[in-house]
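One structure, as structure tokens, below. Some questions next.
Going by the order they are written in, the chains are A, B, C, D and E; count residues from 1 in each one.
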Amino acid sequence: MKLGRVRGSVVATVRDPAMEGMKLLVVQPLDASQAPVGACVVAADAVYQSGPGDLVYFVASREAAEAMHPRFVPVDHAIVGIVDAVDGSP
Amino acid sequence: MKLGRVRGSVVATVRDPAMEGMKLLVVQPLDASQAPVGACVVAADAVYQSGPGDLVYFVASREAAEAMHPRFVPVDHAIVGIVDAVDGSP
Amino acid sequence: MKLGRVRGSVVATVRDPAMEGMKLLVVQPLDASQAPVGACVVAADAVYQSGPGDLVYFVASREAAEAMHPRFVPVDHAIVGIVDAVDGSP
Amino acid sequence: MKLGRVRGSVVATVRDPAMEGMKLLVVQPLDASQAPVGACVVAADAVYQSGPGDLVYFVASREAAEAMHPRFVPVDHAIVGIVDAVDGSP
Amino acid sequence: MKLGRVRGSVVATVRDPAMEGMKLLVVQPLDASQAPVGACVVAADAVYQSGPGDLVYFVASREAAEAMHPRFVPVDHAIVGIVDAVDGSP
């Protein structure tokens, strides 16, 4: 999983039928010091309560579809947790 | 998923039989501010109405094949939505 | 697999139900000379005894879920070994 | 899929039994303007007629094995089409 | 698949039970001219005769596990061939 910050949401009328009703968020990946790194991704919200500004962690590839219900969806990034804190040496 | 802009299409007479009739588009990945980032990919069109100039989001790896019908195809990038707008802080 | 150093842990109250009780660690990937390379990832601990400071190797993508019990979890990075030594020419 | 140019072939006597008789080609990935980008990959030839100099597109990860017959092979890159032309704005 | 040079081996007492007895090697990925590119990976040896100094090609992600016996292992990189020669234009 990777750490990320929710930056906004995507509005899309034309989409794959399997993705109807799914909330899609723009997420900026972060490094361990929570600085932005790499390009943003569009992730499905698998915890159903993420929103702009939240610090989250997300999965990629096959495991992202695994997080959704039903799981046979063409999704390759999904938010699976909202982070309260990151402990440890920087 | 990632944001991208359709740039053109690929013409290929010799191709895997499982890909007959499939529309293949050249897509430039974009960052959150819609600036180009990274190399173009060749993506199958799973919404059947994408064309040059469209702002889209696409899936990669196993989930791309999941988006196609039939799904047992050697496809690793597929367009699964056409974007109307991206909301939120830049 | 990749070599990495455990840097800390992630505290997350809101998470996917399939991840309840799972220990999540922040891991810094390393190159062959054990210098940091690339961004940190959040990995599940599949050997159940990793902690901050440990030199480990971890798997990514589908094989990370394979390492967990039960294996139907939305996990894409998992620590599968603690390294005693790396032999060979640098 | 990605665009690439076939650069040569790989000779390997010692190989996984599942790969016996499989033609392996060295492919240079290209960007939309057909300039080289990133490192070469070793790809299996799933259209059975690719050769040095050909402009091709290839799949990666699980979908590469999907393109081979039989499909239970440890292959993660496969050429699935030979490109006649790329249309559209550069 | 990618070309690589075996650089050494990994000693790990604490490891996932599914990986008992598996030889793990440190591999430096190479480009077409056999110059090092990117970070080293830890790969399982699926041809059972690779050693330091060998020029090899290896698979990543799900196909790496496919190369191992048994195949339900948390492995995401595996050496599947030892290269005798790379033919073609540089």
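The definition used in the following text is that contacts are C-beta pairs under 8 Å (C-beta built on N, C-alpha and C of every residue); 3 or more make two chains touch, one makes a residue touch a chain.
Quick caveat, the model's predicted, so the values are computed rather than measured.
A.B. asks: What are the chains that chain A and chain D both touch?
C.D. replies: B
A.B. asks: Using the touch definition from the top, how many steps at minimum link chain A to chain C?
C.D. replies: Tracing touching chains, the least step count from chain A to chain C comes to 1.
A.B. asks: Chain D-chain E contact: same residues or different, taking over half shared as same?
C.D. replies: different
A.B. asks: Would you mind pulling out the distance in Å between where the CA atoms of chain A average out and where those of chain B do?
C.D. replies: For chain A versus chain B, the centre distance works out to 19 Å.
A.B. asks: Find the geometric centre of each of chain B and chain C from their Cα atoms only, then give the gap between the two centres in Å, rounded to an integer.
C.D. replies: So the centroids are 31 Å from each other.
A.B. asks: Residue numbers in chain B touching 2 or more other chains?
C.D. replies: 61-62, 64
A.B. asks: Connecting every touching chain pair, does the picture come out as line, ring, star, complete or other?
C.D. replies: Chain contacts: single closed ring, each chain with exactly two partners.
A.B. asks: Name the chains in ring order, counting from chain D in the direction that reaches chain E next.
C.D. replies: D, E, C, A, B
A.B. asks: Along chain B, where are the residues that touch chain D in the complex?
C.D. replies: Touching chain D from chain B are residues 6-16, 18-19, 24, 26, 28, 39-43, 52, 61-62, 64-65, 72-77.
A.B. asks: Which of the residues in chain E end up touching chain D in this complex?
C.D. replies: Against chain D, chain E makes touches at 1-3, 29, 31-32, 37-38, 46-47, 49, 57, 59-64, 66-67, 78, 80-90.
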